[in-house]
Amino acid sequence: MKALKGEIISNDKISENIYKMTVFSPYMVKHCIPGQFVNIKCSESTVYDPLLRRPFSIYDVEEGFKVFSILYLIKGKGTKYLKSLEPGDVIDFLGPLGNGIKVDDKSDKKYLLIGGGMGVAPLFYLAKSLILKKNNVFLAAGFKDNKFIFFEKAIQLLKINYQFFSEDGSHGAKGIVTDFLNNHIDEYRDYTIYSCGPSEMLKSLKEIFLRNNIKNKAYALFEEIMACGIGVCKGCVIKTIDKDNKYIYKTVCKDGPLFELKEVVFE
Amino acid sequence: MKALKGEIISNDKISENIYKMTVFSPYMVKHCIPGQFVNIKCSESTVYDPLLRRPFSIYDVEEGFKVFSILYLIKGKGTKYLKSLEPGDVIDFLGPLGNGIKVDDKSDKKYLLIGGGMGVAPLFYLAKSLILKKNNVFLAAGFKDNKFIFFEKAIQLLKINYQFFSEDGSHGAKGIVTDFLNNHIDEYRDYTIYSCGPSEMLKSLKEIFLRNNIKNKAYALFEEIMACGIGVCKGCVIKTIDKDNKYIYKTVCKDGPLFELKEVVFE
Amino acid sequence: MNNFADGRLAVNIGDIYLKNPVIMCSGTFGSGLEYNEIYETQIIGAVVTKSFSLKPMEGNKPPRLCETSSGLLNSIGLQNEGIEFFIQDQLPFVKKLKISPILSILGTSSLEFAELASKIIKIEHELIAVELNLSCPNVNKGGITLGSIPDSVEEVTSIVRKTLNIPVIVKLSPNNDNLIEIAKRAKSGGAACVSLINTLIGMAIDINTFKPKLGNVIGGLSGPAIKPVALAKIFSLYKAEVLPIIGMGGIFSWEDAIEFMLAGASAVGLGTVNFVEYDAAINIINGLIDFISKNNLNNISDITGKVKAGQ
Amino acid sequence: MNNFADGRLAVNIGDIYLKNPVIMCSGTFGSGLEYNEIYETQIIGAVVTKSFSLKPMEGNKPPRLCETSSGLLNSIGLQNEGIEFFIQDQLPFVKKLKISPILSILGTSSLEFAELASKIIKIEHELIAVELNLSCPNVNKGGITLGSIPDSVEEVTSIVRKTLNIPVIVKLSPNNDNLIEIAKRAKSGGAACVSLINTLIGMAIDINTFKPKLGNVIGGLSGPAIKPVALAKIFSLYKAEVLPIIGMGGIFSWEDAIEFMLAGASAVGLGTVNFVEYDAAINIINGLIDFISKNNLNNISDITGKVKAGQ
C-alpha cells in the first residue's frame, strides 16, 4: 500500500455509461493481486465536493506495459469527474488495498467465478491470473441487458469457459445467474468459488450454497461506502459471524473486500 | 436580464493565466451594454464546491456572430473550472447584469478610460462602443508586467489613442497609470472618465480628481464578492455618500458596478 | 412546464394553506419582484419577504459575503428599507404579480413587534402569514437574540397573534440547544408553525491580512454544507410533535426537498439555492410532481415525517 | 521534505509540549500505525488515538458513513478493542515507530473514567497526554452525553487528573451552547487544554427507501463543511480566555491551519482530511514552516488568537 500518482494512459468509453481507465504504475503492477482495489481522488485540489475518494477494483494488469486498469460505471459526481480526465492527466490514488486473492504459484485447481453487473470488474484480473497458473476456470455472469458485450469479448481472449446471462435476453442466455447456479450446483461441488456482484446476488448465492450443503470454499468480494480505505475509520464494516457464533463487524477495506460467504451475515 | 445557456465557441489561453471565452448568445448581444457583467455557474450540477456563481465583465461583443466574450484570470476553483471547458460545452449564466454604461447614439465627446490589471476587461467593449459612435477615446492602462501585450494588440485594432504602463517596464512605459494621470491631469479636464481596476487604484484616482478639483464626470466600475448578482441579497455592497452627506450601502451588482467616483467612500 | 396547480401538491401547515409546499426563504428572494424577471414567481407556494423592521436598517459593514466549502457565510445585518417601504412600495407589485407573500418582520423587543403588527393590520388580508424573525439581538437583554429566550418567544408570538388575524410563523435558530422548548413556547404563543433552520454561526479569516473575511467578524452559514445539520434538527423537532415545520437549510434539488419532508417538514424553504440556480423553484416543484406520480401519492404531505427511523 | 525539527514550530499548550502544532484527531488516524506505511508518522506533533473504552465496543450498525456536500457523516459508534488492546498490542509499536501518542479514553460515567485512568498509570510515561472523550451517552443521566453536563465534566476531569501525572485534554462538543461554561469546568477539574470541535449532529435520508442513510439514524458531521462553525466556536472560546485550545473541524490545508491558529488555536487537529489526503500532515507542516519564514515569526504560536477582530 502506497500513496501514488499515476499518469493516465487511456480513459475510454467502452459501453453505455461504462469507462475503462488505464494508469501507468510500476508499483501497482509489482504489488497488486486480484480482488484488491485502489482509492482514487475524484476532485481537484481545494475542491471538496465530492469529498471522499472512490474505491475501484483492479480490472486488469498488463505487466509488460507497467499499467493497471479499472472499469467504472458512471454513477454520480465522482465517476463523472473521472470521465472528464484525459490521457496525460495524473490521478492520485492509494493502492493496492484490501486482502485480495492470492493465486497459488503452482496449482491445477478448479475455479468457478460468478459475477453480476459491474461486479465482473475484479473477476477479469482474477480469471487472467488463474489461467496463467493453468487452473481450470469457469465464469458465469449475469447482466440486466447487453451493456457488457465488451466484457464477453475480453473474456474470450482468456480462452476460458464461460456462460453469460441477461435478464432481458439481449446478451447470452435469458435468465439470471443465480438460477443457473441453482440448477447446476452439483457440477461445481469441487470448485473453489469467487463471486462479486450486488448484495442480493451474494445473499442468494449464500442461500444456494447452504441449501445444497456445499462444502467447498465460497468467497465473495464485498462493497461498502468507504472513507479511509485502510482500516482506520471503521466506517466500511459488514456484519460477520465467527466460529463461536459471535457477531463481529469487519472492515471491507482491510479485512475484506474478500470474505468467505459463510462468515457474512446478510440483513 | 435572463437566465441563459450559451454554447462556448472558443476558450483559449491568451496569456499567462489569462483566458478568453467566447459564447454564443443572441440575447446577450441584443441587450448588453458596456460595463455590464454575467454571473456564471462554475461547477457541475450537484457539485456544490465552488458554490456561488462567478461574475465576469463583458469583454467584447461581436454582433455579426451573435457572440460575446469574457476575459478571465485564473484565481481559484471557479476560474479553473471555466478553463476546463471546451468549445461545444454549454455554460449557464445570468445576464446582462448591472447598470453599465449607456453610450449615446449621437455623440462626439471625449472619453478617458483608465484601466489597471484585469480591470481593462470591460474597457475594451466600452472603447469599442464609444469609437463606433465616433467619440474621441484615450485609454491609459497600467500593469505589473507584460502579460497584457495581447490587450495592446486588441486595442490597436480599435485605432484609438492609448498609453500603457508597467511597473517593471516590460510593457509600455515604466511606471504606474495613476502617476501618469497625476502629471497630465490638466489635459483631460474636459473628458468623461471611466476607470476599472484594483480598489487602491480607484482610491488614488478619486484623490487625484479631488486634489485637482476635476469637475467633469468620473466613473468607476467596482467589484465585490457576489451571491445573487441581481440586487436581492444585499451582500455585495459598497459604502456611498449621497448629496445630503448620508452614508448608504449600495449594491455593486444592481446599483453598480458603475458608480460615480465621488459618491464612493473608500475605507 | 408541468401543471403546478396539481392538487396533490397543496399542503396545510397548521392553518396556513399553500398551493404547493415550496417556499422562498427570507432574505434570499427579495419579495419575488426581481426574480419575476426570470420566471413567473406566482407559481411558488409562498415567498417569505426579506425581514422588515420598523425603521430602515443600514446593515453591516462590508464585506458581507464569504464562500466556504459548499456553504455561504453572510453578515448582511438585515439591511432593509423598513416596513413602510414594503407596504407602500412593494406590496402593490407583489399583488399585481400574484405572488403569495409571507411577510417576515424583525424587532428587538416585544414592543417593536407590537408596533410592527399594528402597522400590518391594514394589509394583513393581502398576506398568507407573517413570519417572526427573532434573530435580532435584544439590547435590553444584553444582546442575546430574542429567539433564544423562551419567555420572549412566547410573548412576542402572542402579541403578534393577538393583533393580527393571519397565521404566525416563528423562525427558529439552530444555534441554541433548546429548540424543542422554544418551539413549545411559540406554540403557547399561538404560532401556526415554525420554520427552521436559520443560519449556523460561522466565521472565516483571511490569512494574508489576519482580518475576518466578514466585516462583522461572524456571520451565518447557509447552503448544502449545513443540510445534514438542518435535517437532524427538523427530525428531532418533528419527533417532539410540537408544531408543523417549514424545513430549510441547504435545499438545492427536489431530492433534497423530499429528504426534508421525510424528516418531518410540511413545507420546504429555498434559500441560498436562489443565488446559484435562479429557477430552482421550478425544478423542485416539477420534481415533487414526478415523485408524487411515481410513488402514487394522494398528496405530497403523505411523506411528511415518514422516514423509517424506528429500528 | 523540510526540516520538521524547526524549533519555531514547537508549541506549549498548557503544560503539553509538542514539537509542532499538528495533531491527528481521535478516530481518524488509528494510532498512527497504518499511516506509517505511507509516511513516517513520527513527524507529527502528536497522534490522538481512537477513543478506547474499558471493554471492547462493537460499534453501531452499518451503514456508518455517508458523504454530504463537502462533509462526512459518520456513526461509527466508537468501535474499539478496549483499553487493554491499546496498552498491550498497540503501544509497543507506537513506541517503536516513535509516534507521539495522546490516548483518547471514553467512558459513560466518572467511575468508568476512574477505572480507565487507573489502568493507564503503568503506561502514562509513554503518553504525551490523555484526551477525554465525553461524547458517550450516560445511561444514568438519561442518555445525555457527559460532555454536556458541567458538573460531570469537572468531576471526570478531576478524577483523571488526580490519578495521572500527565496532562489531561478535554474534547468539547459543538452541539451544546454552553461551551464556555463547560471549558471553565474542565479548567476547574484541572485540564491542561480543551480540544474542539467534535462533530456536529447531522442526518441524511435515502429518498428511495425512506431509510436514514446511517444505520444509527443520526451521526456526526465533519470535514470542510463545518470549518466556519468550528472557527466561530474556537474564536468565541478564545476570547473567553479559559484554556488553551486545540482547534479542529474541517482543516484540509496549511492555510486552514493558519486560520484556526489566528482564531485562537494553539495547535490544530487533522481529522477527515486523513481520508482524503493521506499525507496531509506533511503538507501542512511544510506550509507552516514556509509561513513562519515568510512572516518572520519567532514561533508559530505568535499568531495564536491574532485575528484582527477589534471592531
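Some points to look at:
Chains here go by letter, A, B, C and D, matching the order in which they are written, and residues are numbered from 1 within each.
FYI, a contact is a pair of C-beta atoms (placed from the backbone, for glycine too) under 8 Å apart; a residue touches a chain by one contact, two chains touch by 3 or more.
What you see is a predicted model, and the numbers here were worked out from it, not measured in a lab.
Shared contact partners of chain A and chain D comprise B, C.
Judged by contacting C-beta pairs, the busier of the interfaces B-C and B-D is B-C. Annotation: 35 Å between the Cα-based centres of chain C and chain D. Distance between chain A and chain C, defined via averaged C-alpha coordinates, is recorded as 47 Å. Annotation for chain B: residues touching 2 or more other chains are 46, 48-50. Shared interface positions of chain C, i.e. residues touching 2 or more other chains, are given as 68-71, 223-225.
Contact topology of the protein chains: fully connected, every pair of chains touching.
Those residues of chain D that touch chain C in the shared complex are 68-71, 73, 175-177, 200-205, 207, 209-212, 217-218, 221, 223-229, 231-232, 235, 250, 255, 258-259, 262-263, 291, 303, 306-309. On the chain A side of its complex with chain D, the touching residues are 1-3, 41, 46, 48-53, 94, 224-239, 247-249. Of all the residues in chain D, the ones that touch chain B in their complex are 69-70, 224.
Listing the residues of chain B that touch chain A in their complex gives 43-44, 46-50, 76-77, 80, 84.
Looking at the complex, you find that chain A touches chain C at residues 48-49.
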